[in-house]
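Notes follow the structure.
Chain nomenclature is as follows: A, B and C, assigned in order of appearance, with residue numbering initiated at 1 for each chain independently.
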Amino acid sequence: MSPPPIPSATRVLDAHVLARRGSFAVDVPLHADAGQVIAILGPNGAGKTTVLHVLAGLLEPTRASPQGGHLGQVTVDGDPWAGPSVSVAPEVRRVGLLAAEHLLFPHLTVLRNVAYGPRARGASRRDATRRAMAELEALGVADLAGRRPGQISHGQAQRVALARALATDPRLLLLDEPLSALDPAARPEVRAALASRLTAYDGVTVIVTHDPLDALTLADRLVFLEEGRIVQEGGPRDIVEHPRNRYVAQVAGLNLFSGTASDGLHVDVDGLTVVAGEHDHRGPSWVAFAPSAVALHPERPAGSPRNTWDLTVASVELIGQTARVRCTGVIDLVAEITAGSLTTLRLHPGSPVWASVKATEIRAYPA
Amino acid sequence: MIGLRTHRLRGNLVLLLLGALATAVILLPLVGLLVRAPWSDWPRYLADPIVRPAIWLSLVTTAATVAISMILGTPLAWLLSRADGRAAHWLRALVTVPVVLPPVVGGVALLLAYGRHGVVGAPLFELFGLRLPFTPYAVVLAQVFVSLPFYVLSVEGAMRGTDRRYALVASTLGARPLRAFLTVGLPLAAPGIAAGAALAAARALGEFGATITFAGNFAGETQTAPLAIYVALQSNPDAAVALSVAMLALAVLILGLLRGRWLR
Amino acid sequence: MTRIRVAAGGLAHAASARAGLVLVVLALAACGSGATPTTAARDSAGPSARASSPSSAHSDLSGTVTVLAAASLTESFTALAKTFEAAHPGVTVRLSFGSSTTLAQQIAQGAPADLFASAGTKALDQLPAEARAKPTATLATNSLEIATPPGNPGRVSDLASLAAPDLKVVLCAATVPCGAAADGILTKAGVDASVVSREIDVRATLAKVTLGEADAAIVYRSDVRSAADKVTGIEIPAAQNTVLGYPLVELTSTPATAAFATYLKGAEGRKALQAAGFESP
């Protein structure tokens, strides 16, 4: 039943997803090797789910890109699934799809749900059952085999649904916000099960999410979409350290500004000179720093670090013992301070405040 | 005594009276039937040569009608539940016409379609020597004509209510459309299918107008229970009453199945 | 204003209309021997009709005459009622046609009726005793005839040919007069006809032939006549045939009822019935 093992560096997915819905167009090239996990992130309406549906065959890719030239296509293991003259039906593609809701067939037991795929693909009842049991065991839910979907928790159901998606040995595992419908308490358990199962999976996983935690814990590569196009892609570490887009920075939890690097020390951001850590590029530049690197003061700080700005508090948000203070003025930034300092500073929307960031905490990199 | 309360009580009394009246309108004829039924001679009347063939024919043709409705109606219901747009809208309106059509009109229409000179009947007769009127097949055809729309409406509603994503999931799991329909679409619509089948059975069992117009009335061939009741009423009213009570029992049975098991 | 309401073959009609009327009629019947209160009730409806036609010189009759008549009388009675109403503008004739047996049962169940014209005398047995005692006269007689679709595709020649196995023969139900009569002559002739359906009245039986579904039907001669060229009639010799009387029962005795009854039995009635294929008694 299992496909022969594929060396880890083998290219599995080669796709250029082109889709149009009215004036909205999606144009996303995607490539991945065996065993890779790609996370697609982006705001609502960025086209994330459209990409998954084109990969699954539930949506026909547009043949020509809006700009002309390129052709939409999906190739997996060298086999064309979709292209100028091919369109393989979803049931023939080797994909597994898991959505936010588990969508387990309510009239079948957990075991029959998981065995459904192998059966539909021609396995004997015995082989299908055996395969289903193995998959349920791998996800730690084998004891639920005889239950109906209505009799298990959502977290369990989502794990069963993952088992069902994997039981057909798909080459592409498509996860559409797999944890978003779960209550927060159930998420870690399912996320852990997913992470451990994915390490043993040699196909390509594409996970659509807008939870940075999912992306950073599960994915090898992050692809950020906005309005149907890739705005940034890269490994998690690269993304976190060098965001090149407001949305990416927000996901990575960084303050991000674009400016012009002049001399290896200063970057000009909208007429404001920011003193950044040492860098050797010149010209268009990104400037990033963590909210925790921002210090807030009631008055102009003594000793006067070079990056000191007179700002106004726009909003204050308390998350656990950390306060996120959004400030506006010559520069808009988010500062993260302890709940204790929030009390001391008596900050509330409208309060004047001084913000300072050490030059060594500020990264500048070419745009 | 508080004014407000008496006022409300009086209002309720009017409603109660009207409600009681409505109940009486519905139940009195049935009570009349049961009171007048020749209970002591029951076995004798059921042994009447007209009664057994009629009940048997009714049961057989109803079973056939339900089977045909399920086989033909389920795919149609599925198509209608999945199709949107003008054509589907009109198709839905058209297939429900028999619901509002007087059955006799249906019988006339059936004659003009499947009769010896009918649009379909004439070629059938000329090519195969097949004549539908005056045969049990005509009884089934008449019953299907009036029952199928009820079945389709019921099942379409059920299928419209089921989540389409289940079918998409089934397809990503490797199920071809027919398999997905049989293994997922149908089971999910099962309550609606059962309700539709019961509705179709009830309608077929009670069919009179279209049957007598299209299929005729001949004991053992085309005389269903309602026809037998009608004819018996002229010569042997007690047998008619006995047969009516038997039909009432069947109707109650179907209703019980409908309400108890499938309609919450 | 003259108003004719014809409920031809309207068995279901009559039944549902009756549901509302039965109670009223039963109440009226309970008041006395029948004639007097009924007349009073009828007369109370009269003045408005009379007022609308003050110039009616030759008639001071008014009221409604309700006639239940055998289905075979549909055309002739409808025409006769129209002429009668024209002559007596104050009178409304309400006609209801159906199988005689059904009509007799309706009367037995209390349906309001002034005149009852039955096909054959058998249906009279279903009438309540007091109705059977009412004045009865034979209006016309009728005999049976074989009706076939135009051109006689089944090649029916006589009663005996109705036994051909491929033939589709339709008769009235055995419970209605035309069915009983047909059964009678078939038995007498020793013919086992290939019957495929027993229709609820003579008109439904004839309709199966006019639609071309049946190859032959045994109906009244008058029905063959009324269907004109839509059927081909095949005479049944007198020796094999039967003669059916059409008794007219006068259930009430209002002046309008009596006048219409006289009219039906008179020269004009006879003429119209003869034209429709009936014979004079």
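Just so it is clear, a residue touches a chain if its C-beta (ideal position, glycine included) is under 8 Å from a C-beta of that chain, and two chains touch if they have at least 3 such contacts.
Values in this document were obtained by computation on a predicted structure and should not be read as measured data.
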{"item": "Touching subunit A and also subunit C, the following chains", "value": "B"}
{"item": "Chain nearest the overall C-alpha centroid of the shown protein atoms", "value": "B"}
{"item": "Chain whose average C-alpha position is farthest from subunit B's own", "value": "A"}
{"item": "Centre-to-centre distance between subunit C and subunit A (centres being mean Cα positions), rounded to whole Å", "value": "87"}
{"item": "Cα-centroid distance, subunit B relative to subunit C, in whole angstrom", "value": "34"}
{"item": "Whole-Å gap separating subunit A and subunit B, where each centre is the average of the chain's CA atoms", "value": "55"}
{"item": "Set of subunit B residues in contact with two or more other chains", "value": "none"}
{"item": "Complex interface listing, subunit B residues touching subunit A", "value": "163, 165-166, 168-177, 179-180, 183-184, 187-188, 190"}
{"item": "Residue ranges of subunit A in contact with subunit B within the complex", "value": "56-58, 89-93, 95-97, 99, 101, 103, 105-108, 116-117, 120-121, 164-165, 168, 174"}
{"item": "Subunit C contact footprint on subunit B (complex, rising order)", "value": "111, 115-117, 131, 133-134, 212, 215-219, 221-223, 230-235"}
{"item": "Subunit B contact footprint on subunit C (complex, rising order)", "value": "99, 101-102, 105, 168, 170, 173-176, 195-200, 204, 208, 211-214"}
